[in-house]
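What follows are several structures.
Next come two complexes built around chain A: one with chain B, the other with chain C.
Here is the complex of A and B:
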């Protein structure tokens, strides 16, 4: 299977370890085989090991080491935020965050909603069973 | 960035003024050490070898730490060093790509220890410089001088995001491809 996600200038990656866990960053330059210079609109440019990055499918069009304003403009044009939030990976992360931020009352509401949904599914299933046997 | 083990210091010192020499020459040295105390000690070590002055008849006038001016840009550093191997002293020139000089020096110490089994007390840094990419000598650094660099990450070992979530046994085979 050929590779689909490459380390290249403009590749958007997700930080999966360390202090900046969960942040979307753009690879702005490659230091050497193990490290990349990485930048995001709300942080200082820093170097990160590739082991801390998970590459995504999103890529933006920038030159090597752009200025902060150029980077922000390119990210706006490529619409990285909406692309990420609409991707299945991004959606999963949003749901995970919401679930982690529930308080007890919210969890109670979720429980009730799940029971209701289960009841509705079982009613439909019973109807279909009756229709198939009858 | 992670804390560096080696810091760069500028140490300025001179011999103590004597009746024979009221204004001795002042010498300045840039060196790498883990802390200021060691930097001063290193300063006297080198100065003793170059001039007839020791710590007992000299004084350190200033010691300042030197920080990286542009830690957000990648530079190619060339380091000239003199090291003591099991059989004698040798000179070496090594190149590193890094954002800061301290980072490159730390890479150098780690590499000398791993590749040549030379510990840090046996290494003397003669000179460091940022090298223009056209003047780099080592292929290992030159291969990254590509504005359209592109390579896949071939073997992806997935790590748990915190050490607390580490488990010895896993339910399913990890996906190494991405």
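Here is the complex of A and C:
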């Protein structure tokens, strides 16, 4: 019930609306009640409404509005990229991107693989059923 | 000072007789025996029997030459295409080349999905990004004339035969077409079998299922 993810300097967030949709950014300052100053290694620092940000669990140790190089160094030390890619949220997004990029032949191969997997599971299940009733 | 061509407004330098001599028409007359040679008048056309009521300009035939059909950049020889209309709707076929008429030459291959060597229009086709290696296939003999319909021989019917149902000779595929199909497909199938699962992919039809968003699908 208590809040766990807070808006604070160093909080990593995901942009969920607009031109930078899907980008991971770091909150480097708070402008006012509604807006934050955000920055990312491959982006120009800009202000964003909190409504456009989804807070993550990751927080890095930075001072208010660090220089770009300092920010990049802090992100590397906290290893934001691997933490994100290993989180279930991050993993889900990677899978979604991969699925969207599948071409027609890939989708066919996935379908065949799913059918084969289902068949193998059913065979095992039938074996187990037979073993338990025997 | 050279003599001026006119002395004053309306008064020429040369007198009437001098000017006549200078022009030299007397020499031409003398050459042709006294009279100036008369050019022969071209024969005047006979008076037409009919004059149209309105003066209508005759239409000039159009000199417009249509441009050759532009082939979509995603379609290259060997591309797998999905047919969208016609008898083979949904089938995945291999693109061979573009014919002069702009139509695309495709083949199933016939053994895999039943689509023969055929022509299809670009607009009824989705190009996928899957490519088959067709370097071993010779398609130089196929052109639009190969696919032209055979002209029917119209025999005069007697009155009795007019009311009989006409027994049309069933059009069997000529043997040379069957051989052409086999030749093209032999090379194609060899290339297809090197890629795993491509053969069954080409044998399956494409369809949309629940949840599919074709405008978001990557082909």
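The rule is simple: the second predicted complex is superposed on the first by the 134 of 134 C-alpha atoms of A that agree within 3 Å, B and C clash if a C-alpha of one lies under 4 Å from a C-alpha of the other, contacts with A are read in each partner's own complex, and residues count from 1 in each chain.
Here is the rule we use: a contact is a pair of C-beta atoms (placed from the backbone, for glycine too) under 8 Å apart; a residue touches a chain by one contact, two chains touch by 3 or more.
Just so we're clear, the structure is a prediction, and the values are computed from it rather than from any experiment.
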Fit or clash - chain C, chain B, common chain A: fit
Contacts of A:102 with chain B and chain C, given as first, second, both or neither: second
Contacts of A:9 with chain B and chain C, given as first, second, both or neither: first
Partner with the higher number of touched chain A residues, chain C or chain B: B
First (chain B), second (chain C), both or neither touched by A:37: first
Touched partner set for A:83, first chain B, second chain C, both or neither: neither
Partner chain(s) touched by A:112 [first = chain B, second = chain C, both, neither]: second
First (chain B), second (chain C), both or neither touched by A:23: neither
Which superposed partner A:46 touches (first chain B, second chain C, both, neither): first
Gap in Å between nearest CA atoms once chain C and chain B share a frame through chain A: 12
Doubly contacted residues of chain A, that is, touched by chain B and again by chain C: none
Residues on chain B engaged by chain A in the complex (per definition of touch): 1, 72-74, 96-99, 141, 144, 147-154, 157, 159, 161, 177-178
Contact set on chain A toward chain B in their complex: 1, 3-9, 16-17, 21, 29-32, 37, 44-47, 50-51, 54-55, 63-65
Complex contacts: residues of chain C adjacent to chain A: 80, 82, 92, 128-130, 197-198, 200-201, 204, 206, 216-219
In the complex with chain C, residue positions of chain A that touch it: 100-105, 107-109, 112
